[in-house]
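Several structures are given next for inspection.
Paired with subunit B in one complex and with subunit C in the other, subunit A is shared by the two complexes that follow.
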Partner chain A sequence: MKGRLVTRDPTSGICVLARVEIATFFVLLSMPFLLWSRPELITLATNVLILSMLAISFDLCWGYSGVMSFGQALFFGAAGYLVAIVGRDLGFSSIWGSLPLAMLAGLCLSFLFAAILLFDRIKPTTIFVALGTLTGSYAAERLVSGWQYVGAGNGLSSIRLLRIGPIEMVEGIPFYCLALMLFSLCYFGCRVLVRSQFGLVLAAIRQNEEKLPFIGYCVQVYKAVAFLLAGVIAGVAGMLFAYHQGFVGPGNVGPSLSTAAVLYCLLGGPGTLIGPVLGTAVVEVASYFLADIDTIRQIWPLLLGLMLLIIVVFRPNGLLGFIVSDRERIGSYGRGGSKQVRTTT
Partner chain B sequence: MAKGYGRPPTEGIDRRRVLSGAAALAAAGWSAGAGSWLLRPARTLAAAPIRIGIATDITGAFAPWGNANWQVAQFVVEDINRAGGIAGRPIELHLADTATDPRIAVGNVRRLIQEYRVDVVLGGISSAMRQAIKDPIVNRGRTLYIYPEQYEGQECTKHLFCTGPTPAQQCAELIPYLIKAQGRKRFALPSANYVWPQQLNRYVRKVIEANGAEIVFEEYYPLDQSEYSATIAKVRDGNVDCIFNTVIPPGVQPFMRQLYETGFQRSGGIVILIYYDEMSLTYHPIRELDGLYSCLDYFQAVDDPFSKGLQERYSQRFPDTKYPFTAGTGATGMYRGIKLYEASVKATNGDLAREAVSAAFDRAKLANGPGGSAEMVPGHMHCAMNMYIARCKAENNTARYEIVGAYDRVDPREC
Partner chain C sequence: MNGATILDVRGVSKSFGALKALTGVDLLIQGAGLHGLIGPNGSGKSTLLKVIAGAHSVDSGSIAFKGRDITKATPYQRARAGISLKFQTPQVLPLLPVYDNILLAFQARERPWALMRSISRRTMHQDVMAALERFHLADRADRLAGELSHGEQQWLEIATALACKPRLLLLDEPTGGMSPAERRVTGRLLQAIKSDCALLIVEHDLDFVREICDLITVLNEGHVLGTGTVAEVQDLPNLKEVYTARV
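Showing the complex of A and B:
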């Protein structure tokens, strides 16, 4: 079965993953034209973009650096809360201030977690990091749901609209374009990073973490850098989400959204960057339409759970695993590598 | 219905093509549209329909409240459509489940506005929900919003009308009645820790103190607290003779049970639960409810031919329903909201523009409704209505309310 998977069309120089990426971006770019008369679908597409950024941030952690982070929603929600509070108390919502603020929030919080979880004297196991981040996310949810200043269980609603200069960004095509721009920046930033020499070290960590210290690499530092970057991306996504929804509540920082990020990524295919984007699109679009059917809506969370279980057991490489070989997924570094990809697995 | 992505990628021979086209298929599925929870008018009238959106808690902790609201909305709209619609136009009802979770609600409500382009949204049970969905409806959605539930007051947003009772309507008569007619002197205010009890208690404290009684304690508990022995000890030690209770489900059941077990009611203590109606009586063993006071805009015991007829037709429409037509759920507010909207659109001669309907709604009147007539107080966003103080009587294994005080056209005193 596996032998038949031709990962690369011998007649052209572009591999499958790149084709999927090009197709996805083509679809994303054409959205405003396809859906100009359907504002609700533009809203959905914007949500997919924003949640995709959250999924990518998880992919950086797990798919590329082996940090099982169940806390991405914490960075996501914290940035959302921060911009909501700044908007409420200081009346400030310009993107030139909010964006750095959200990035800083994601960075500081992920730094805190990295300091505690990754730089302990004992080498942290996957389970330790997973439980640590999960606990952090859960604790944050309980904290904000009891804290009057941030709206307690009610959350913060009527968030000021995001401003770019004099323009107020209401949901719709302009907001979609903004989200697409930030999404593309994050995506290509990550893509360059994971295919750079830095990414090579991350790949080496995935292959054989024990061996790397002997070659002189400080594994935890590389992991932490990826984790911090993921925190920043989650922060940006959280800011966009808060402005887009006009609401931020305890659910935005909690484990359920963190788990959703894991699901998006594992469904689409971890370690591919584009996989989490497709995973997010599949889950969000399906739940948007299936929520209309009474019987399915009631068991939808169960279906999602089953889907995750099946994927983890039978398809650890997610949907993209059907068309992208392991070798291509892991990628090739430098010029020499590209020839090896030509062979089939 | 979104067939595009239902097809597993394994089916195709050319997998690459299938998956690289997956996003395109998804887009195709999107434009195919989706079925909604839509109640179309039975007979298609020629004119374009008026779209009313109901955003309420069909699932989650407030599901019984939300389902009652939804049923009453269907009931009223069917009535109006049978009579030829509003200004010759039929009503189309759209439902969004707010799921007792503001995070889900914001998305669903926005869909109501963007996809179904409703002309007005009615709904929301808890104050947390109202605060979460009012921005997507009123500000971002530029749509009229009507909130039907009794609540803590102070909601003075433009284009947001409240058709349920306010603290002044629920407490301005009830508390003096308890102090003067029942001789209550020492109050306790055990409460759930969220916005409704916090704001309501501020008002209640003022009324109690103005009438010369005393508040022994005012305390706030997590919503899901189930152990109240410390509170009940305080009730006993403080010689409390009246408990103004704003604990909500799921905490209210253990609270009432533990209070009953100490014999508070048997030794003459009074419990007030101002959101309790006929539906809430099924939440407790009957003996715990005897002597409970509530104050709402309607009880089934109200002796008014129109209300009785309404109640009868409702039970014909929904036989053996778990969600009766009562006031504490906000269902009466929902009835008023839709009827007042009908009156407003009639007044604008079918003009559905928000400014016009808002201006008409501000002066709208309802001659007959559950509990009697009601009218908006111009410029105050709230509704003057009849209020009733009721006492729960438990006998022969059934609990029912007896009306002990009726007050005509009580002013909301808001905004």
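Showing the complex of A and C:
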């Protein structure tokens, strides 16, 4: 047996996405140093991080496993409500209890939806899942809007500060650092997942879902696993949001925020993980600065809606689609990222 | 062919609206070997393969695989049981490398949790490369499957189906769109496979079928005209109306 080298396709260009990721994390890490004298911008950056986690959770559903979830805010808001209620009624706001609670809330709710929507006897269509999750999100918003125990339309305010041992996580750089840490954990966890052999199955589902059962895959199981993980990530984001804002309201579980997560992801580039982060940053930063201009503030939702429409029609790969090829976005799974591979002849 | 019964199709009927694609079809496959399924266009050959693989449900009749009734089983359950299907048109994953197309089939029996940890990626490398070499695709391992020629995609599709380690491999027109040279290579490849599993092949090229198949079943308008060796099939009285000059 003689060994020889086979070079990867030179057009494959493995590094653009990695470069974008490194640059993004460099910017995120430098935020506390760049913005230490601008607390309002640190607050904005923290919001971007938290909403990015929500967008990543949608990307895991739609961008990677083809589950069109219009209800990610349900898991997000439910976790927020849960930690707020536990803080109010039990006086408990430690991260060691709140974090597992939030994860559990996201997991249980997404499990419920997966059981109803993904494991029906008839194979669920994209529209069926989208409408099912959207209905769930809308129903949850209506429920909390009329339920006095959870503050009804006013939501729950004055949520206790999140604690790590004796330290209270106040808004500003400490909370940003915590959010960045949890965001990084979620991001790299997802990164490992989508580049694993499991990710290969997800990539195959996106390309030809019909084929997989004939080679032995129960597609719904893989979709459900991705959906559950997305629910957990949305739950963690919801917990951070509630503690950071000190408030959780009906809008945090409703279709409006769910649709925003869709916009973040589609704008940045679905199926890339880093794309939704960039999409969130673009929308939130633009919203923040344009909110001061009265005329634009009034038509901002309309502009966002138009932006979503234009992206869906003309640029389904989002902003990252301009610089990242399909091959790089989808990736290769068998032999890692080595440039050259040894085969035998 | 003698040996344990692999597949036992009894009285299977399938209609699409008013069109009766299959009517009371019986088919028995015993032991390893190549079993050809021939018939004119619209005779129900591809439908029968899809019914066996679970792509279509049956209206009546039963299908048993290795003695177990799989009539109600899903395609996923049938694949797990040991039935692999190569579709008529190549269904390769065009945006994934050739290597990954094969790896996907090899890892199909792993649990999701094991796949998350990528623990079998290294151990499967030799198997994947061996499969690629067997089908003359090793030097294209890193090319996207969509960039392969039609004939190479057919080979990749067969290699993928075979990587599932089936006991019964269903091949729907494995030489469709191939050059004569590619057909000869495919014939040799299939001859080599038949010691590993039973093959049921739908093919329009009757010379190809005559060369490589041990048994042939003839379908016409959803009915089985007869089953036997090439010589026996040639003597079928009804066959003369369908294939008089060709078999």
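Assume the second predicted complex is superposed on the first by the 321 of 345 C-alpha atoms of A that agree within 3 Å, B and C clash if a C-alpha of one lies under 4 Å from a C-alpha of the other, contacts with A are read in each partner's own complex, and residues count from 1 in each chain.
One rule holds in what follows: a contact is a pair of C-beta atoms (placed from the backbone, for glycine too) under 8 Å apart; a residue touches a chain by one contact, two chains touch by 3 or more.
What you see is a predicted model; the values in this text were computed from it and never measured.
Ranked by how many residues of subunit A each touches, subunit B and subunit C are led by B.
In the superposed pair of complexes, A:Leu278 makes contact with subunit B only, with no contact to subunit C.
Of the two partner chains placed around the shared chain by superposition, neither subunit B nor subunit C is touched by A:Cys177. Looking at the shared chain after the overlay, A:Met307 reaches neither subunit B nor subunit C. In the superposed pair of complexes, A:Leu200 makes contact with subunit C only, with no contact to subunit B. After overlaying the two complexes on the shared chain, residue contacts for A:Val221 are found with subunit C alone; subunit B is out of touch. Contacts of A:Asn208 after superposition: subunit C is touched, whereas subunit B is not reached. In the overlay built on the shared chain, the residue A:Leu35 is in contact with subunit B alone; subunit C does not reach it. Common to the subunit B and subunit C contact sets on subunit A is no residue at all. For subunit B in complex with subunit A, the touching residues are 1-2, 5, 9-10, 15-16, 19-24, 26-27, 29-31, 34-37, 59, 97, 101-103, 106-108, 110-111, 114-115, 127-128, 131-136, 139-140, 193-195, 222-223.
Residues of subunit A that touch subunit B in their complex: 16, 19-20, 23-24, 27, 31, 34-35, 38-41, 43-44, 47, 146, 152-155, 157-159, 161, 170-171, 245-247, 249, 251-252, 278, 281-282, 285-286, 288-294, 297-298, 319-320, 322-323. Subunit C meets subunit A in the complex at residues 53-55, 74-76, 79-80, 84-85, 87, 91, 93-97, 99-100, 103-105, 107-110, 112, 114-118, 120-121, 125, 128-129, 133, 138-139, 141-144, 160-161, 163-164. Contact residues of subunit A toward subunit C in the complex are 6-9, 12, 193, 196-198, 200-201, 203-204, 207-208, 210-211, 213-219, 221-222, 225, 326-327, 330, 332-335, 341, 343-345.
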